[in-house]
Amino acid sequence: MAMPDWLRKLIRLLLGLAIAAVIWEGAVLLFGIRPYYLPRLSTILMSIAATPRAYVDGFLRTLAETLIGFAAGGAFGVFIGIAFFRVRALREMVFPIFVVSQTIPVIAFGALVVLWFGNTLLAKAIIAFYLTFFPVTVNTLLGLETVDPKQVDLMRSFGASNRQLLLRLQLPTALPQIFVALRLAASLSLVGAIVGEWFGDTTGLGVLLLQAMFTENVVAIWATLLAAALLGTGFYAVVAAVERRLVFWNAEQ
Amino acid sequence: MQAARLPNPGPTTEAPQAQPKPEPLLEMRAVSKTFGAVAALSGLQANIAPGEFVTVVGPSGCGKSTLFNIVAGLEEPDAGGILRFEGKSCHAADLLGRVSFMPQRDLLFPWRNVVDNAILALEVEGMPRDQARAKALKMLPEFGLAGFEKQYPNQLSGGMRQRVALMRTFLFERDLMLLDEPFGALDALTRAMMQRWLLDVWQKYRRTILFITHDVDEAIFLGDRVLVMTARPGSVKLEQVVDLPRPRRPEIVTSPEFIRLKRTLLDAIEEESMKSFQSSIAQEKSQ
Amino acid sequence: MQAARLPNPGPTTEAPQAQPKPEPLLEMRAVSKTFGAVAALSGLQANIAPGEFVTVVGPSGCGKSTLFNIVAGLEEPDAGGILRFEGKSCHAADLLGRVSFMPQRDLLFPWRNVVDNAILALEVEGMPRDQARAKALKMLPEFGLAGFEKQYPNQLSGGMRQRVALMRTFLFERDLMLLDEPFGALDALTRAMMQRWLLDVWQKYRRTILFITHDVDEAIFLGDRVLVMTARPGSVKLEQVVDLPRPRRPEIVTSPEFIRLKRTLLDAIEEESMKSFQSSIAQEKSQ
Amino acid sequence: MSRALASPSLAVQRGILGAVLLIACWEGLARGLHLPAYVLPAVSDILVGLWSKRAILIDAAGYTLLEALVGYGLGCLIGIGLAVAIALAPALRAAILPLATAINSVPVVGYSPLILLWFGIGVSSKIVMVAMAVSFTVLLSMLAGLDRVDRRAVDLMKSFGASRFGVLWRLRLPTALPLLLAGMRVSTVRSVIVAIVTEMLGAQGGLGWVIYQAVLQIDFVQVWSAIFVASAASLAFFGLIGFLERKLLFWT
Amino acid sequence: PAAEPQKASLRLKWLPQAQFAGFYVAAAKGYYKAEGIDLTINPGGPNLLTENLVATGADTFGLSGGTDSVFAARDKGLPIVCIGVSHQITPFIFVTRKDGPVKTLQDFKGKTVTTWFTGANHVLNGMLAKEGVKADEVKIQPQQVSVTPFVDGNVDVITATYYNEFYTIQSRMPKDSLKTFVAEDYGITFPRDTLIVAEATAKEKPELVKAFLRASLKGWKDAFADPKGAVDTVMAAAPTLDRAQQEFMLTEVKRLMTAGAAAKNGMFWIDADAVKTAHDFFLKYGVISKPLDLVAAYDASFIQSVPLADRLP
């Protein structure tokens, strides 16, 4: 039962991609779009094939940074969301500072980042983390606040401790909301990793992108964009799949 | 009250005495509760003896659920109200975890299947999951839920949901049980069976039960005492001792004593219901 | 059934005849519905004449709400089932918007106050809000909700929520009304008043009503005909015509005809309820 | 309810307390360790710098806020519009979602050469970038909110003969509102950031431009002054949406 | 040389490309190791300020923006010293269409000119001033990454480095359709790509600095001797680069590094006159707030410690 369904989805996906590819290639040829605006897909793919190692290495490195940043940001976001939910005073004191922290463009502080964390994988992961944790915090808090007070009452009447209340009622209720943020965070952590690589690094999709941008190598720009899109969509799809498994009761579609 | 013929009524022992005991399990005095402009309870006074089965009836919106929330420890009564449990004066909050409470809405958790919803309280108490599940599985047939242990709440009928909620409450074994219209959505027979079964449990384990219902027959059939509440703001209008012998047979509903009790109670309720309608209408007029 | 003494019973006209008409409003034949492994309905067959008041009773979980969902147009029956409405064969979905449906759970919207919840259907129909509100405000006292028009659902008692849901259904004026345990959470008197009121409305506007209840007294007191459903998978076990004269007085519940009808129905229901419990237990055993 | 009950003045007091503590730590750290300005200037220095450059900074902030606000508005419209389109025609979901994710998984700055190329170096390219960043967040939040609806409530609406649009307007939108507004709240800060970052890559004005210039001149006091202004603007924006949220979500 | 190689890092002003070929070649061939230095080459990036990183000690050496950024850093009190200058003449030019309306600097009036605000703008202003054109008569706009607006004719004059943008423009427009304006023609020289160290390093580890220069010079000489090999080395670090462009870049960079005083004094020569001219120029236009101690800022002693023969390309 599961197998054909799985296969059908895959085939549909591949078919969709193939159609998109044909449209792209066809449109460029048909309308004679100049390569500086939009190169042919085949040209882009060929350029990737010419130096596959660079793209594979870049992909893997960026993936690692993204994953670390995402995991840290997600965990921290949920944790802080819970802390804010529990301790109102803490939220009122710290939440505005969090908001402020999000208004600081990291890109302005490349030197500081290198200064503090060096040219390490950690530095990029930290930037990914920095972009990720805030939406998760906000949504966790929101999710925890939408719990039906009657259900809380029920649990309390069973003598549930705060911890039990949290694990058995509040977190499951907040889970759908948390996952919305996690899906967002999947994209943001990639952004963080790529921007992080702009601070003087040697491998990664961000490096490739920067290089292509400033040598005005449009084909390489698109090649890197495609690689980043693949990474981002893949990661997003994984998060969404985990969500479907964990938040089964909320599935409307 | 319909006659209930059970497949296996099981042995029923003699009922405990309904006379007020010297030391009540739960004592309430001058309990009031106001929500903003709405006074839900006002100066309520009642004693519940250990092992007693007390039923509560009253017009809709008179504060029955509010009373239960207080006894379950979920709401503090307004200042001035006195609560005593097991002889000791206490705050409502002290009662948390000491009474088993079935709320009016089933409040099942959508991410838990039937069994896991049922064992919620056991888990909270710290019982290992497997053990709790085994215990719950054994009880499923008694609640007419056998074969449904893996279903999720959105796949259940209204009555089934209520039975799951009831089972959850029963598995949380406490001296005092608060049941807020537990049989509201059950069909006549299931209801009759559950009533018999509840009486069995009560007599076997000597739990004290406070039971809200809208069905006067049910109130009399089950209770040692029936509390009739006044219209909002609620207080106790009438405490009617039900001196029918136990075990009570289903046929008892046609007995003259039963009919007499029912008449008394209905008159009291009706008076209050009328009040609550009239005050509704008066309010409407005055606007 | 408790005796209901209304403040103002109002004039009641002669009831329409309960004999099957040549042209039924709603016709169902061989209607089945399966959810995965659970067969909820199987080969159900029934006709509802225009203007008829049909009550439905049956064991909990037998498929009553499922039947209503189909008639409301929300679920398609399994292939092979035949539905005819106003003489024309149709899909379930064609019935959307043509019957007024009160679901078993109140489903009030938390962001709308009492009045705005009540006028939901009117708004959907396109009536201007002010007009709809004015209409609803006039009906509030009849539903015992006067003075509560500005409250939000989380501030209402269980019975009040149900009355708001009921009002919402009444304001959606359609020939066929489906009421799924509308009086489940009401106290005896409110319930009796609502029953009387429902009969009034029915006779005045000649709406056709399908009414699910767990209370056999209620089923007989209200209905022209009582459908008793079998245990799951549900079908019609018995169609009992209630040939009591209308208007029916509250005292009718003690009349011998009434008791006789009740006996017949209870026997039928009991048999089915037993089955559903036994099959539950059998299922349990076979696992 | 709980929100309404909480004393706002206490919340504000705590917020101020938090800010004061942070600033004190910062000032102490910078002064105590004699950190040079290019590592971390003291807050007092930044405030002095801010005051002396106030004319430039106010101009720049106006420029950036214009971009951020217009982009934000546009992004919200697009995000909500797409979500509504998906809700009305579920078949679109399979087409829109993967595309939106793919587009969004590339950092907005990655597009900057293309966007700058297509929309020029002026205000419009910033607006496009902000709109892109905001619309995705809003789309996701809104979709999640729309999907959260109770199926039985949808059934009820359908039984009243409500069209897809009727269900959407009267049921799904109110249900989605809390999540939508949370998404919009998070997006406020992002919109300012994206505007600034894009400005740093090429612009004719704005806070990002000021920061860029200041970095080149190794004037870190000015960098921080601009950041302070940006933070204040974002914070105000965030607060505004938060305020709207509390007004609109009275029932939670 | 010491038994234990000393750890050090070189922060470039940009990502790996032929502009820095010599350093990569020296590293690949082990010249640094031979001098007892375990060198890491760290690429730069947008908003990464080499002066800042070297001043704070995050990196030992830096190939920073140019004389302009060294002045700015010293002006702001960053403790860095320039130990060598790579590009002896202004590495960028202003490009217009030969058949376009702009024939002389006077024609810049009312035209759209894009430039980088990273120093090139000062050169442009200086050139215009020399010709008596006021800066506000010209529509000077920040230049974006792409040359497409120029190619499409939306911009009249564009700024281009010899080794990068000028190549890109030429790949899309024939070279003979372009007209260029060169700073040196207006008496302005703007040496760029400066090698810097922290003051502390200069004072405490002069041997390390000298060793670094020796190895780097060897690398550069090798790179110029074998341009193809040098581009291979660079492309090993950045495989997606365009080879033709890198080869072009190396040729141009060689020209810039060996122009002016370097022809006689060798690569990385610090031309005190050029530095002084630039300093006075910046002072005049208010880019730096006060006169700087040029001797302290530009320490030629390190480069002079390398025998001239090893410096000449």
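Note that the chains are named A, B, C, D and E in the order they appear, and that numbering of residues resets to 1 at the start of each chain.
The rule we apply is simple: a contact is a pair of C-beta atoms (placed from the backbone, for glycine too) under 8 Å apart; a residue touches a chain by one contact, two chains touch by 3 or more.
Since this is a predicted model, take the numbers as computed values, not measurements.
Engineer: What chains do chain B and chain C have as common neighbours?
Structural biologist: Both-contact set = empty.
Engineer: With a step meaning a move to a chain it touches, how many steps does the shortest path from chain A to chain E take?
Structural biologist: 1
Engineer: Once the contact rule is applied, which chains count as partners of both chain A and chain C?
Structural biologist: B, D
Engineer: With centres defined by CA atoms only, which chain is the most remote from chain B?
Structural biologist: E
Engineer: Where the centres are mean C-alpha positions, what is the separation of chain C from chain E, in Å?
Structural biologist: The separation of the two C-alpha centroids amounts to 86 Å.
Engineer: Taking each chain's centre as the mean position of its Cα atoms, how many Å separate chain A from chain D?
Structural biologist: 17
Engineer: What is the distance, in whole Å, between the centres of chain D and chain E, each centre taken as the mean of its C-alpha atoms?
Structural biologist: 38
Engineer: Report, in whole Å, the distance between the mean C-alpha point of chain B and the mean C-alpha point of chain D.
Structural biologist: Comparing mean C-alpha positions, chain D is 51 Å from chain B.
Engineer: Which positions in chain B are in touch with at least two other chains?
Structural biologist: 105, 154
Engineer: At which residue positions does chain D touch at least two other chains?
Structural biologist: Touching at least two other chains: 38-39, 112-113, 117, 151, 200, 215, 252.
Engineer: At least two partner chains per residue is the criterion; list those residues in chain A.
Structural biologist: Where chain A meets two or more other chains at a single residue, that happens at 36, 107-108, 111, 115, 213, 216, 250.
Engineer: What are all the touching pairs of chains?
Structural biologist: Here the touching chain pairs work out to A-B, A-D, A-E, B-C, C-D, D-E.
Engineer: Going by the contact rule set out above, which residues of chain C touch chain D in the complex?
Structural biologist: Counting only chain C, the residues touching chain D are 69, 72-74, 96-101, 103, 105, 107, 109-111, 120-121, 123-125, 152, 154, 172.
Engineer: Where on chain A is chain B touching in the complex?
Structural biologist: Touching chain B: residues 148, 150-151, 153-160, 164, 168-169, 172, 175, 247-250 of chain A.
Engineer: Please give the residue numbers of chain D that touch chain C in the complex, ascending.
Structural biologist: Against chain C, the touching part of chain D is residues 150, 152-153, 155-162, 166, 170-171, 174, 177, 250-252.
Engineer: Okay, in this complex, where on chain A does chain E touch?
Structural biologist: Against chain E, chain A makes touches at 36, 47, 51, 53-55, 107-111, 114-115, 118-119, 198-202, 207-208, 210-217, 220, 223.
Engineer: Taking the complex as given, what residues does chain E use to touch chain D?
Structural biologist: It comes out as residues 46-47, 49, 51-52, 55-56, 69, 72-73, 75-78, 117-119, 141-146, 148-149.
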